[in-house]
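Next come two complexes built around chain A: one with chain B, the other with chain C.
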Partner chain A sequence: MVANRRTAGRNSAVSATCESFQGKKNGGTKRPRFTMFLHILSLYKLYLKMDLAWLFRDAKTAILMIIADVLSNLSAVTGIFLLAWRFDGIGGMSRHEVLFMLAYSTILTGIFQTFFCGGNTAHISRVIGRGQLEHAFIQPLPLPVQWLTSGFIPLSGSSNLISGIVIMAVAVNQLDLVLPWWWVFSLVLNLIITTSLILAQSYLSASLAFYAPVQAEEISSIVIDEFGYIGTFPLSGMPKALQITLITIIPTGLLAWFPTLALFGKPPFGFSAWYPLLFAIILWVIALFFFKKGLNHYVKKGINRYHPMGHRR
Partner chain B sequence: MFNKYIKTAIITMRGKTNGGIIYLFPNVIMNLMYLLPLMFLWRVLAGQGVEVGMSLEQMLSYTYMNALLYPMLVVQTFLSRWNYEGQAISLFARPVPVFGQVISQTVGEWLPMLEVYSLPLLIIAPFAGIIIIPATPWFFLSLFLCVSLGFAIDFIFACVTVRLRGMAWLSHAIKMAVMSLFSGTIIPFKLLPFGLTAFFEYQPFGSLGGAPLSLFVGTTEPLRIISIQLFWNVTLWFVAIIWFKKSKERQVSYGG
Partner chain C sequence: MLKKALTGITQWDTAVEISGVTKTFTQWQRENTGQGVLKNLFKPQKKIITALDDVSFTVKRGEFVAYAGPNGAGKSTTMKLLAGMLQPTSGSVRVKEMSPDKERIKLMKRLGVLFGNRTELWWDHPVSQSFEWKKVVWAIPDDVYRKNLEMVTELLDIGDLLKTFVRELSLGQRMKADLAMLLLHSPEIILLDEPTLGLDVVAKRQMIDFLKKINRESGVTIIVTSHDMDDLEEMAERIIMIANGKIAYDGGFDGLRNITRNNTKVVVTTDSGISEYEVNLETNPINSLLRQLSEMEGLKDIEIRKAPIEQVIAELYGTWRGNI
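Presenting the complex of A and B:
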């Protein structure tokens, strides 16, 4: 995953943007009345510019990062595809259905990296555990708006999105599907829901970092990476008890397997195709409850991880 | 001579459990979560009746032993991380060789999980129908060579981190991407299509986990595999020692 990248300089840039939103640059008397939507779009534009600047400033490192991202994801999905090829499919899924599922997983990783991997917005336990949440407190923007926008790295983070789309195009072509006009919208909606599921899992687990900052600093990464990897396993043909466990208690099956079958019009167990949405809503309610509880603890106790010389404890 | 290294390993082991053994359980749960679907995946594939030169028992034992021995099969030291965090410099201030410190501390880090996770799994293995006796005694030599090569490769990646000005994440991502596919720890080389088996066995990462595991389940010829492992050990340790020596003075400590 893309992480620990260029956060320096962003916060001040965001502040500057906010001042402009609040009309301070116009003398502080008259504030422009942007809607929240336009506000967010402007911030995305700002982060796009900063990502572009980063690419130009250190193109060699940027290219290496992009290659590492693609390699990391492709190696995770290649093994399963080679198995599917050798065994002529897995558990009732054909080779190209498995390829489609892996493409879905790659696109999902790409969307996740593009929108939420800058500045550790998805790996939020790092921010909490390192005692860096105060950096966000001093920004004149609500926390959700900051987290929705500050992770946007559309140029350096979209390599998996592009490679995933190419793999999916190959899979769809090989599957010889006749798709209705609304299928692409259904695909996009599924991807949005799945992305929100990963975020909910990350924020729920990150709540622990408020109480155990050192031990739980990397818990978001573990949840995202490990769940993401298990999510590439096709569960078709596995025992029903395991399948049910992996779409309820440990919802890795909702990250690629369930949506893939739902998009082919055969959701597992005859569940509604809306099941992942319902699950995501419930998970977000739980995540928000525990996250707010942790945040209350944090603002009272704080987290002091830094030595006076700047090193972390 | 080895006493100082044993003491270092013990101190590191205690450091891993200073906060209580409870902090190891999330790792145990994650490892089990990873193991179970893979075990069932082999059952599903075996049920499809395709002849691949490995029985279901061999596939299950392969994956199970990989789960038990994983830290040793793909060695990951703290060196790259310490370089990023600015702590690697402290290794040079101690009266013990850097290689020895890194190896003994890494072994010390393995011990708590071997005790809390691997040992119980080893005990229950026969009840789950898993073979825990290696098909050939050459497995033990192969495992030693695998661990040794793992350290050499990790030192080389630490040098890559130094060259990348401390970008530990980047070298870690590249390393893990390569390892997860090319080491043969997750997917046995024997199961690969397109005649890739021979290629994967001969490339350097194939002498890591895939080599001892394939000897453990008896799907490959011992002397050929051990010869390849010896070759890569000599070659990559030579590269690691020379490159690490050259990289020492390039290290930067800034921390944060």
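Presenting the complex of A and C:
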């Protein structure tokens, strides 16, 4: 095929040039209209394929990576669970309630990684700080659509999700829970809300990178990691002042502890079970305000920095 | 037939219109002394850099324009303004009669942008995967994608590169792959910032021929920046030169030679040896020059050379430094 093309004369090449460009211009009116929703689905399909191709570019590496990820996820929650086991629960939460909370936290991390960790979508301060937003500006897609889809790594990013589901199945089994459909729906909704909370924190902090690209390049990662570390710890039994601080000012308690208790029908301090939703909405309003402000600053002032690596895997 | 169909679809004649655009940046500065560091803590030293100073020009549909100037003149800033990556401090920018800022998504479907020092390719995937990515993101119809892919594969001779992982490509190969990807959505206007950067002679030749073809035969408007003036002269008919943020020259390449009074060189070979003369063809017309030369005794050969454009530009840069 390639050899045939090479033997073709220059004249045929010229015709090909013209035809191709004609084809676009004339064909543009005939091509089916894609709705944004369909386009988003096709983007998800594309990133699924790309993730599969990336993960299995080398089968040996892929298997090692999956095993390492699963071991790492299990070890991350084992410490706290062993403490809960040794002391027969933590601060009023039973051993298996603690296990359920750890599972919730692992699934949360899994969802976050699966949907937003490709191409530094969640770690957006890296993209801003490295001057790589310019790659996003030249795509004919709204920025939110780009960030909603390009972070999708359903295979290489799903080890936490799978480990979390397994741990949750064990916890639910041990707790003898009867799960009506609305409870499962509520669980999924809580997971979406808490995922959006981490994302909002990341975008809020990343607003700083518009003004100080070098200094704040890694701020999203720091915020996400710190949230992850503290978010897995059961706050039951801690001083009330600390608990209130960790569900208001530094809302790490909203990542797993609060939703777990809410799902068991005993939200802390008698708050509404939907308090995290309210918090997420307020946080997103603030994050969007500062992020847009930063983006305006970026396109007006520019960033005199460009890092060639990292915007694409 | 084609022209009629195109006219019916798109009503635009001005590809690019920049009116009174000024773009300033703030540059942080500091003296490298202890006192400088302390002073910087309380009152950071900043300098306002005017990258573009009341710049205006238009580019008509189908033109091939070279955009040149010394380092730091404002070339890349202009390209970024046209591509919607930056907004001007004042003035207006229109590309294909659209605002790159307000109509970014619509514009990007018809605009192609390539910066020589960066890539749009996916690093850890074969080149063909990046092309497929572009197809989905730009929603390129199957038939158009297939035709354009065939065309760029043949003209840029990248058939062997399609299965190669991008991280394995040489700089020249990557540039070709990037240019090929840029063209997959049939852009009507192309902005190229240093596209021949790092290319060998053959690759450069292919790229120049290719760009000239798509400009000539498909009417694609191209604006290109480069430091290689010979390349620019070969590609473009018009050159806009920018220096210290202002338009210093806008016209043909021969006009540049006239500005510098860079005389034509005449190399004459006679029985007695080779002599080189500088002739101003404006004061000494070519027919009278040839008559005089033909009367020389023992004449064997005459070679008339235009002043090299690189030399002309170097002289101009020297003149502009600090004068504008």
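The definition used in the following text is that the second predicted complex is superposed on the first by the 263 of 313 C-alpha atoms of A that agree within 3 Å, B and C clash if a C-alpha of one lies under 4 Å from a C-alpha of the other, contacts with A are read in each partner's own complex, and residues count from 1 in each chain.
Operating definition for what follows: a contact is a pair of C-beta atoms (placed from the backbone, for glycine too) under 8 Å apart; a residue touches a chain by one contact, two chains touch by 3 or more.
Every value quoted in this text rests on a predicted model; they were computed, and no experiment measured them.
In the superposition on chain A, contact of A:46 is made with chain C only, not with chain B. Of the two partner chains, chain B is the only one that A:237 touches; chain C does not reach it.
Contact with chain B, but none with chain C, is seen for A:250 once the two complexes are overlaid on the shared chain. With both structures placed on the common chain, the touch criterion links A:54 to chain C but leaves chain B unconnected. When the two structures are aligned on the shared chain, A:301 is found in touch with chain C, with no touch to chain B.
After overlaying the two complexes on the shared chain, residue contacts for A:135 are found with chain C alone; chain B is out of touch. Legend: residue contacts after superposition of the two complexes on their common chain; A:35 is shown touching neither chain B nor chain C. By the touch criterion stated above, A:69 is placed in contact with chain B alone, chain C being left untouched.
Chain A residues in contact with chain B (one complex) as well as with chain C (other complex) are 309, 312. Across the complex, chain B meets chain A through its residues 19, 23, 26, 30, 33-34, 36-38, 40-41, 43-45, 47-48, 50, 52, 85-86, 164, 167, 169-170, 173-174, 176-178, 180-181, 186-187, 191-194, 196, 255-256.
Per the touch definition, chain A reaches chain C in the complex via residues 1-2, 5-6, 8, 13-14, 16-29, 31, 34, 39, 42-43, 46, 50, 53-54, 57, 134-135, 137-142, 299-302, 304, 306, 308-309, 312-313.
Those residues of chain A lying in contact with chain B across their complex are 3-4, 61, 64-65, 67-69, 71-72, 74-76, 78-79, 82-83, 85-91, 212, 214-215, 219, 222, 226, 229-230, 233-239, 242, 246, 250, 252, 309-312. On the side of chain C, the complex with chain A involves touching residues 2, 5-6, 9-10, 25-27, 77, 80, 83-87, 89, 101, 104-106, 108-109, 111, 113, 117-125, 129, 132-133, 136-139, 141, 143-144, 147-148, 150-151, 153-155, 157, 159-160, 185-186, 213-214, 217-218, 220.
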